[in-house]
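In the two assemblies presented below, chain A is common to both, partnered first by chain B and then by chain C.
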Partner chain A sequence: MTSTMIAKETESRQPTAGRRSIFGNNAHRLAYLFVLPALVLVILFRIVPLIWGLGYSFTDYNGMSTPTFVGVQNYVAIAHDPVFLDSLINMLILLATLPIWIGLPLVLAILIHQGVPGGKLFRAVYFFPAVLSSVIVGAIFNMLLRYDGSFNAALKAMGFSAIDWLGNSNTALFSLIAVQLWATFGMSLLIFLAGLSTVPSDMLEAAKLDGAKLMQTWWYIVIPSIRPIIEFAAVVTTIGMLTSMFGLIYVLTAGGPGTATTLPEFLIWLEQGKMNRPGYASAISMVLFLMMGGLAWIQIRIMSKNADL
Partner chain B sequence: MAAVERKQKRVLWAISIPMAILALSAVYPIFFTINAALKTRKGFVLDRFGLATDPTFANFSQAWNQSRLSEYFTNSVVVTIGAVLLLLLVSSLAGYALAILRFRGSKLIFTIILVSLMIPVQVVLVPFYRTMIALDLINSRAGLIIAYTAFFLPFSVYLMTAFYARLPRELFEAAQIDGAGLVQVWWHIMLPMGKPALITLGILNTLYCWNDLLISLLVLQDQRTLMVGIAALRGEYTTNVPLLAAGICLAAAPIVIIYMIFQRQIVSGIAVGAVKG
Partner chain C sequence: MKATNRTLRAGTMLAAAFTLAIGFAGTASADTTLTVWDWKNGDPVTADYYAAVKKDFEAAHPGVTVKYVMQPHDQYYTLLGTAISSGQGPDVVLLHGGSQAKERVSALTKLDDKVADIKGTVAGWDEFTGADGGLYAVPISIQGFAVYYNKDLFAKAGLDPEKTPKSWADLSATAEALKKAGVAPFALGNKEGFGADFFLSAVAANGWTKAQQDAWTKGDLKWSSPEVKAIVQAWVDTKGAGWYADGANSTAKFMDEYESFERGENAQTIGLISDVAHWKEFDEFLGADKVGVYVMPPIAGGDGSLKLPLAGGIGYGVTKFSPNQDLAADLVKSFADTDHMKIFFETAGAIPANTKVDTSDTKSPSAKVILAWLSDGVPLAHNNMSTAEVEEWHRQSQLLFTGETTVDKAVARLDDVQAQSKKK
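Coming up: the complex of A and B.
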């Protein structure tokens, strides 16, 4: 849907008066009606709850009582809550691994684009885990990585000693991160490949004629020309780190041992459910929202620019 | 020159070896799971890694019947199909209005819908749950269908709007001259013309709905979707790996089949938004 579409589009976008409705005045009311279901769903289930949640976060609401206003008490409390602080530290560790999440798929994408033998097959295989749900991925790796699991059985058979990958607080978070990386790096790979396909090939040919080495063409031509795509992938990946780990945590480690694999999004779930402190949970929600808000704003800016409206 | 090129070729061949090893590591856990599902419990304990030479399907039938996966499977199918159809309907109507009809405020509405991408479930968990209770949508499959539609909608509206905005406007101007009504234009022109985008969205949303855990945990409490069922199975059968593996295979099978058939559409859908056009 790329080049032919764009050609058609430029043809059709003549400066006619009809950029607005081309169906006459009556059309307006129907047009509102067409967009109404989407608008109502989004407002009712996302925007109103966001505002409502902001309100909750300033109350002592416990799920049953009538909420009373307590000011920033919840925010002060979470700032002193060791579990929340642990979850923030875990999140920072996760975020610090971002270069791997970008670098690995980027290198693989460039190699596939350069025509590594079997590239198409590699693309299909690398992406495959990304279509599996985090529950499936979590359950598979739970079988493999548990202390009495198969990975340790293999290690022992080779003469190494077993490690409690998921049950030891030194390794649990890294196991979680590694599994999520395994499951999702194919997603960025696809984004990079789509970006690379827009790099004009004569630029690469010219570089080749100049006798540029493979690495030089990558570094000086390929990577700069897909820089916006790399930034987009970095933003999307970071948002994913903040908001898409729930399923995997739930199935793989349940946040433990202790708080070793508890991330803020998982803590929100624990707080609102088990501990019946929705006011408190809402305060954590708002902190999470602030952390990802700026990132999401960049993503939306890029997307709406690319939508060509 | 030619020597440089030949050298580059050789380098690429050499590089394909570690890439192949990485590819093996991407598929091995899946192979392991299928293999384990075909073993008896005893057979698995005796030999975890060996090929299941005497495959049994008992685990599959036990997971399907005793562990009630058949019931969860039905729930997932109903909810996924319902939500995907609703998503396609709502987003193609909205895309039509926002990209083609355009009216005062249509850009603002597009922005509002897009901005709601910033609001994931976790951020609105508590009030979203309260809203669902207030609307009597908790514990019903219809409620889950609506919840999925609300959460997966912004991207769908985005894609339909961007896709329709690139269609040549002569198409609709001709229809206007014919005197076709807006609803007819939507039905006879927008839906057929939007087919590539609708197919992509249909597949991606099927993946999202089928794979979801959090929204389903929150909305359906007495019933279970397949992913909630698998998560529970994981907790209950920590020692019976073949049974769990069989459950995993059953839950993943529809997605694997969809991936194999529609790989091209999935691949093109993932990069939407990142790359112009």
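Coming up: the complex of A and C.
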């Protein structure tokens, strides 16, 4: 390559004032090109429906007749809807279990990372349920948890009374949470394992040489090292808890008994799919969207704050 | 090389032009396709019926193709709502009689003029009649709630298998006898609240007067009124009296409850007369001579006669946005045609809405009893509730079983929902 060619090549890569457009230089344009398909999909299937949903939430739309603008009437109705309020309480109970959703896979990931015998097998076993659809998981646990199912058969064999796991308000929601946790914690476990692989081994060795105990190593070295990963997992898990329980609720409890397992996402389906009130369902969707957005914002703020430290 | 490229390019353009031309020509001369949405046509037991309707209709209407699209039952009305709101999709749709049909009349074509010739021979129109008195779908089956019982288990409990309860006191005595013999009197699935729907309609059928049934339909008969509250109270009392197998709130009515009955684990169940969970299905599992059927007696009231609570079960309507209104109306009538309905009855065991279907060669003792009841039925109460009211009854019925609410609180809540629905 001659010096003239090199100069031309270099020139072509330099952004020049004359060739600059709103899309920047060639490299930027290429980047936009790569982003474009995803952007179009997000706009078409996320942003546009979101805006439509927002519009419908201010109407009395019933899925058939022309929607009529009713102002904030749906939002006022939501505030007085006992079923929605019950679903919010259920949601708060669900969110209160977040530490278990994070703690359990974290502890297991650390144990696997530290070379517990059979670690690879455990990793595969723990992750396996994550590839199953919620309907399949629901069908499996329906057989196990139903009144005449395997769990109660085992309890009876041990001399205990049967429990209506899914038909009793005191146990139904916690049964659902336990099943969803079983089905999804493998994903968090993999995320934590990926994070743990970045913890410097010399730091762990140094701690060992300094006589640090196992728990001290975990608490002072491992967990702080993967803190951003834990926070990321917390955000993703929270969103998953609020938006991915539908299949399980549908199959296992249908939202009952009463409203014991009705979460906002299930109520949205109920209002839209069974009660023919897409306008009202859209308003609940907007409220859920704002709550999730708020939670994610708080968590991301905490993450950013910690990243600055 | 350039010549080759030119040749290839020209060839490609010609091929494209040819394809387009064929496409346009094809479109211009395309057959008319009537798209039918339902949740039944893929069911093996209905295959002959749907094949016959398609074959005969296409033969009678050259150039017309009937296209069946089976949608999942549990998502059906969500999908239909989307089609209706977008103003495109099926020409013909299957609907459940009652609130599901009535709440969608604005999207359906009024069929009065088109079905005038079959109105007298088909029964069950009320469930597909709009508030304006117009007919919006043609019923193909009659649906009703009957109590099926296992004759062997009745005999085991020392009961006469041919003698059925005629009053609430009889029913209570029957339940006691069955319990003493270690048999659960009733199978019950109320996970989705359907068990409570069936109980309400079955018990109300012969206890409410015609005026009370009409008032119920209009939303004027309150849940807190003595007639309705007595049924809600009976729901709780029968649970307390041990009429049902444990775990009703976590048992699906379709089909866990019925499978349990078919396995002989419970003596009785409130079942349907068409579609599923009906005489044909129970005959197949328990043996036709082992299945008995009777009408649920009322708690109180009534004139002593026991009439079957029934209604137009399911029916086909024409969507307003269908571009083929006349053809679609003809197809809808074809579904209710006597010959087709005969196949529907014989293969699927559905009680046909067409009263001209010859059912005299029926072998099933239960079916014979049911067919004899059809001429004089009473309304299905839960069919005349708004969907909001139905959903709330589902919830309250479960809470009444868990003891988290009382009858007074439940009926007060249901009164509120009923009043709100009426306002709309």
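Quick note on the criterion: the second predicted complex is superposed on the first by the 252 of 309 C-alpha atoms of A that agree within 3 Å, B and C clash if a C-alpha of one lies under 4 Å from a C-alpha of the other, contacts with A are read in each partner's own complex, and residues count from 1 in each chain.
Note that in this section a contact is a pair of C-beta atoms (placed from the backbone, for glycine too) under 8 Å apart; a residue touches a chain by one contact, two chains touch by 3 or more.
This structure is a prediction, so every number in the text was calculated from the model and none was measured.
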Go through the superposed model and pick first if A:G159 touches only chain B, second if only chain C, both, or neither.
neither
Max touched-residue count on chain A (chain B vs chain C) belongs to chain B
Just to be sure I read the superposition right, which of the two partners does A:G71 touch: chain B = first, chain C = second, or both, or neither?
neither
A:P278 in the overlay: touching chain B, chain C, both, or neither? Say first, second, both or neither.
both
Per the contact definition in the header, classify A:T253: touching chain B only (first), chain C only (second), both, or neither.
second
List the residues of chain A that touch chain B in one complex and chain C in the other.
146, 269, 272, 278
Chain B residues touching chain A - in the complex, by the definition given at the top:
1, 4-5, 8, 11-13, 15-16, 19-20, 22-23, 25-27, 29-30, 32-33, 36, 48-49, 90-91, 93-94, 96-104, 106-107, 109-120, 122-131, 146-147, 149-151, 153-154, 157-158, 161-163, 165-170, 172-173, 176, 182-183, 185-186, 196-197, 207, 210-214, 227, 230-231, 233-234, 238, 241, 244-245, 247-248, 251-252, 255-256, 258-259, 263, 266-268, 270-271, 273-277
Along chain C, where are the residues that touch chain A in the complex?
75, 77-78, 81-82, 84-85, 103-104, 106-107, 191-193, 246-251, 256, 387-388, 391, 394-396, 398-399, 401-402, 404-405, 413
For chain A, which residues count as touching chain B in their complex?
1-3, 5-6, 8-9, 11-13, 16, 18-24, 27-28, 30-32, 34-35, 37-39, 41-50, 52-53, 56, 108, 111, 114-118, 121-129, 131-136, 138-144, 146, 150, 153-154, 182, 186-187, 190-191, 193-195, 198, 208-209, 211, 214, 229, 232-233, 236, 243, 246-247, 250-251, 264-265, 268-269, 272, 278, 281-282, 285-286, 288-289, 292-293, 296-297, 299-300, 302-309
Please output the residues of chain A touching chain C within their complex, sorted ascending.
61-65, 82-83, 145-148, 162, 164-169, 172, 253-254, 256-259, 269-270, 272-276, 278
